[in-house]
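Across the two complexes that follow, chain A remains constant while its partner is chain B and subsequently chain C.
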Partner chain A sequence: MNFRRPTGFVVGFALALPALLPVLSLVAWSCAAGSFAKGIPSLEGWMLLARTAVLALGTALLACGLGIPAALRLLAIRRWRFPVLLATLLIPPTIHGLGWASVAAQFGALMRTVGGPDLVFQGTFAALWVNGIAFAPLAIGLSAAAFLQVDPALLEAARLFQPAPRAIRRILLGIAAPYLTIGFLLIFILSLQDFTVPALFSVPAYAMGIFARFAAERDPAALAAQALPLILAALPLFFLVSRAWKRLSGNQIGGPVQPLGGLGLGSPVTKLFADLWICLPALAPLLLLGLSFDITRWRTAVERALPDLGYSLELAALASVVAVVLGALLARQMDRMKRALPLLATLCLIPLVLPSVLPSIGVLKLMQILPPEWEDAGPFLAALCRVLPIAAFILLTARRRRDPGLLDAARLLGRSPRQRFLRIHVPMLVPAAAAAMVAAFTFTMGECAGMILVLPPGRSTLATRLFNLLHYGAGPDVAALSTLLSVLSGAAAALAVWAAKRGTRWRMRS
Partner chain B sequence: MNPTNALEVRELHKKYGDVTVLAGVDLDVPASGSIAILGPTGCGKSTLLRCIAGLEEPDRGSIRLGDRWLWQKSQSLQPSERNIAMVFQQPSLWPHLTVRHNISFAVSHLPHHEATERTHWAMNLLGVASLAHRHPAELSGGQARRVALARALAPQTPLLLLDEPLVNLDPDSRKATQEAIHIARKAHPATLLLVTHDRGEAEELCEGIWPFKAKAALNNSDR
Partner chain C sequence: MKRFAFLAALVPLLLATTACRKHSPAEVVVYTSVDQPQAEPVLKAFEARTGIHVLPVYDVEAVKTVGLANRIIEEKGRPKADVFWNGEILQTLRLDKEGLLEAYQPPTAAGLPASYLPADQHWTAIGGRARILLVDTRQVTPATCPRSIADLAKSPIPANRRGMAMPLFGTALTHAATLYTLWGPEKAHAWFADLKQQGVRMLEGNASVREAVARGELAFGILDTDDAEEALGRGDSVAVSELDGDGALVIPGSIALVKGSPHPESGRVLMDFLASPEAEAMLGKGGFFQVTPRNPGTCRSLPSGHAKSMDVDWAKVLEVLPRTSEELQGIFLK
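Showing the complex of A and B:
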């Protein structure tokens, strides 16, 4: 901690409070309940955690095994593949699960007609495959972001001495390794928290145990103790993220990023390979949509979901705007910190690495303090505590990538602080703010497990409605709502890209 | 004189979109000779060097080193197959590798004992052996240039390309780097092609000066 300027940490903590409040509330409630020891996992609990960790590790390996080679090719060839990637990023994992179950059922039926054996798509293998494919688009995106951190000149220098594959292996992967590791750990943590896909394929998961225990006992202290191993599992992620930010500061400047051209990755064979790789996560959901396409039932499903759609949009828009405004202030404060940064960053990461039901339980306790007419604040707080750190981290990364020379030049040229802010700082951060807004919007639109707990009676979001429909299996209603969810998030992303480009140009012109 | 390392560039054309950067460039550098390409910033000198190194694909023309075609219409060698070393405007040292590993990467295709020998030879020649275990972030600007030069010399390629190697250096580091280039030339008399906009630097480091006339680039910028 920076003891010389303790106010810096206090201000940062105050700005991060909306994200930390639900967690602090859960901790306070747990301490008051005093039954912490009850929640420490038994031997069976530890075994379940180990099995879940193995599944999460397999998921991260499969997703990154698909994602890293695909990201390399994506950056070398680009074009229409980015929108496909974006679309597949927004498909909920359960839709992937139902999609692959449909694929397996169709394949099984085909096998039976030719007298082949029955195909059973259940259990750990099915959960591993579906989770791996569902997280592959995220792995592609994170790997591409990691590769874009590497100065192309360093790769060119390597290509002079060694063939492209060796230059990629030793130099590109070597330099990007810390960022790739962060991506791997993030997918591992997300997979460790997820119980929807394991539940779909009858695989017990540790996070499911937490959810079930709270539903049965309503004991927050035992719950917090049970969640402790998940926080411990996230410790390497905290450490690496803090180190990566330190690396970004000072020696990285925000120059134009270039695709990885000239590496022999653009041949027709590799293009075909990349296309298959990138389209694989879209395959099963598309088949599911195709099989259940019924225009009348689709229209009815969307009409029925209109009130939920309105509520979801309102909630996601409000949460993303507040997250970006607060996140920008928090990022500014974190950027000024030195020794206290890892501590504040770690605190901010906690709501992200906890299963989303836990902060929601903290929100439930907070709602007991607030007057009843504030009931709509519950879902908003539950959403904000998860999206504020995301927005702050995106904006902090963008701040650290700025060329300090550009800001110094603006100061020397005698512009007023207002002009500097409007004409230099804001245009440089507009793309990151747009990215943060899309991430926050998409995350809130898709949030389900944590939201179910805090929604006021009679309210539901598009994601919770979809979750409820999933109990009846894959049908036109599920297909219609998942398509709607993906299209809305895709539209938000397209709008943000357009706004970022236009906003930057307008600021530059003025 | 070794005729296998004479450089010959014929009718080289390169366009970026509508802007012609190289329009029919012809260049001859005798074997083991040294030529400085002199011209103003943005005239296409670096593009010419990048085309020779294989980092850019020309549109037309040919490039030959000794009896090997590096690039012509039907034949193009990958940068690593051209047997060319280059020092860039920035040192471009790989931040995750130590000084020793930065240099040894350039010779890692050779048998282990030979690669180790070449790495030590280059480090001793440029006086960076004491920095062997440091990472690039721990080097001064002048030290980083010397390491970049050592990395380029270690493979003992027949052609060495220097793209403004003294730019952004303080006078002391400039002098030290110039001396390092002289030492390197004595130890390994490769054909040298230097790109610079500084006549003094060109005269100091090379036997001949070739003023770069970028007619096409000027015409395009006039438009």
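Showing the complex of A and C:
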């Protein structure tokens, strides 16, 4: 072995270490204490996992299947609406659940009044509907980010020879497929981990068992063994993402990239359907806000939450910036790898798929080794280990889409590596970096269960406060903080659109 | 290469911006599972009274964590918390069993029932909540009104109109474990299996039970008194059913000093405040505790007769907790 030149895998592993360290710490601790055998699921456990995976798959299909036409529609209408319509991105699925339960109860009461059937909004369908709608803004946002990367000239050329729907399917969806697959995978993973919405509608979920074990006993090995099957459930989808990366590496797509505009969706019915899907995620939260509007309590709730807001923003901004910077380096390394890529990418997937409590336990163990002055690094490490893989996967996809011709041309023109980096690499990665940053920011802002284990004394986040308030129902305080979150996600989306546009202009100039 | 050096330098720089924080000389760290909106005013009053800066860490019931008790166990080599202020009792007993609590009984605890003050002084119980039945007055008649927790399994009201929180977390799990000790594991297991078979609704949490009863989706459900207070305070068409038989399960809150804590003196001062009748009254008025031994209540969810509590050996409840959770997962998570 050549020790002077470490292999690509070793370098990649070193760059992925911030994401892997909490998991390694958890594994080391689990091996030292507890019993793995206790946590291995029974046949019933595997059946429950299968049902949870089907629900997560349905959620991802619903959110993405309708999110794609909605994103096309969104790009065709005025751009300023984009951040406004994505404002529900940060609202936790539980609030959507409470909103829809309230809507259904009002409807049920109305039906009873007119002597109709006794409708109960419960079960798998209700959980699927609410989760699909809760994750729709993420699906719409990621799809829109994917479509913004497509050169409209390609689409225009295709439309000369093919009808619009076929051109969209073959060219737009074909080119954007890797990004869309990542969006699908993210929603699947989020839905796989979430048990709050299924629990709200009396649907058992696999992750609920992990939390139940965490509540009743402290056996890290059993917890880890119980969580491992979640990774198995995510692997088939991840295989699709890996295939998309492989396909892109052999068939790069280039050309100047500029935003799509005036894209036709076909019939007015399709347009109406897409409009409805864009607005639907805002319906239940708006209803809750309307029902509990009380300006005095809203002001008090926001004033009390300001320190938490400041800390959450600081944490989310720091985690997303570091995730994108480290993610860019990791993606660069992964891009150079061949056979070892699937192994490293699968390792990076682990902290993302595990329920956030588990990596946080790993961080907690790490914090026992670090000096006490570093206690504030705990939440940052817990957030980074989950958002670094997301940033790396999005940026790797962007790298694989690069046009090598541009780099060759720059090299032939005698441009220095610095100039090539600033004029070609960076502008091409800006839209993807913006999407990665919004995804990382959203993940960090919304994290609650894992944060409780690592928050330094005297600190709390907006999400922990919001979930604490949810114990008292969706009242004015919850409504006020939800509005605050909506403003934040709208601002983050606006920032991302601005960055993507700037990046596009920069690229056009370059 | 320079750009990588720059990026490598950026990470520790960014970390340093959050990692360095000044601590004031007089401070106390409290880990609490009492809801943040309830705990904050009490801690603010303590700060105003003593000038000691409180650094709290809150647990979150809505995401089903008992994170803070687990956190104290993990931090035992280098404790950060001075005081554990628990909304219930089991996790405090768990820490005691692990040998993580320091003996201290606040002098302000005088006047509390003897069962609230253990002989080894490792913890002090303060106030409490009770598990009760909330009924929808539009659906339940005197003939169909449930009178015991056991009525959840046998009632003329259809099974899908009866409910409780999924007994895998929080006070619902504590309640289930208590039934395991009182009735014996076999009978309790059979009772829960019967609930599942009948199709009695198991909801996400106590708050969901409250909302389902208030909306009329459930005719009655089991929940905590603090949840019932919320619905009664809003003027919903609900009432608390008078319980006969064993009475209600009263789950006391508790406070304890963490062994080897960084600020033991400040911790004792905070314990004194939290055990005082004044703090008890604040939590009672705020709606977190309905059982307030030194402030005879006027609360709506515990009318006369409800204060009669089940006779519970908490040490035994703690012992059966893992088995209860395991068995109930087998029933409800499939």
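Assume the second predicted complex is superposed on the first by the 355 of 510 C-alpha atoms of A that agree within 3 Å, B and C clash if a C-alpha of one lies under 4 Å from a C-alpha of the other, contacts with A are read in each partner's own complex, and residues count from 1 in each chain.
Quick note on the criterion: a residue touches a chain if its C-beta (ideal position, glycine included) is under 8 Å from a C-beta of that chain, and two chains touch if they have at least 3 such contacts.
Just so you know, these numbers come straight off a predicted model, no measurement behind them.
Of the two partner chains placed by the overlay, neither chain B nor chain C lies in contact with A:P404.
When both complexes are overlaid on chain A, the residue A:G290 reaches neither chain B nor chain C. Legend: residue contacts after superposition of the two complexes on their common chain; A:A164 is shown touching chain B, with no touch to chain C. For chain A, the partner that touches more of its residues is C, with chain B and chain C as the two candidates.
Judged by the touch definition given at the top, the superposed model places A:A153 against chain B, while chain C stays out of reach.
Touch criterion met: A:F214 reaches chain C, while chain B stays clear of it.
Chain A has no residue lying at the interface with chain B in one structure and with chain C in the other.
For chain A in complex with chain C, the residues that touch the partner chain are 44-45, 47-48, 94, 98, 101-102, 105, 108-109, 120, 122, 196, 199-200, 202, 204, 206, 208-209, 211-218, 304, 314-315, 318, 321-322, 325-326, 329, 357, 361, 364-365, 368, 372-377, 380, 418, 421, 448-449, 452-453, 455-460, 464-465, 467-473, 477.
Against chain A, the residues of chain B that register as touching in their complex are 53-55, 57, 78-82, 84-86, 88, 90, 92-97, 105-109, 137, 151, 155.
Residues 151, 153-154, 156-164, 166-167, 170-171, 174-175, 177, 251, 262, 264 of chain A touch chain B in their complex.
Within the complex formed with chain A, the residues of chain C that make contact are 3-4, 7, 10-11, 14-15, 17-21, 29-31, 35-37, 40, 54-68, 70-71, 73-75, 77-78, 80-81, 160, 166, 168-170, 173, 201-205, 207-208, 210-211, 215-217, 230, 321-322, 324-326, 328-330, 332-334.
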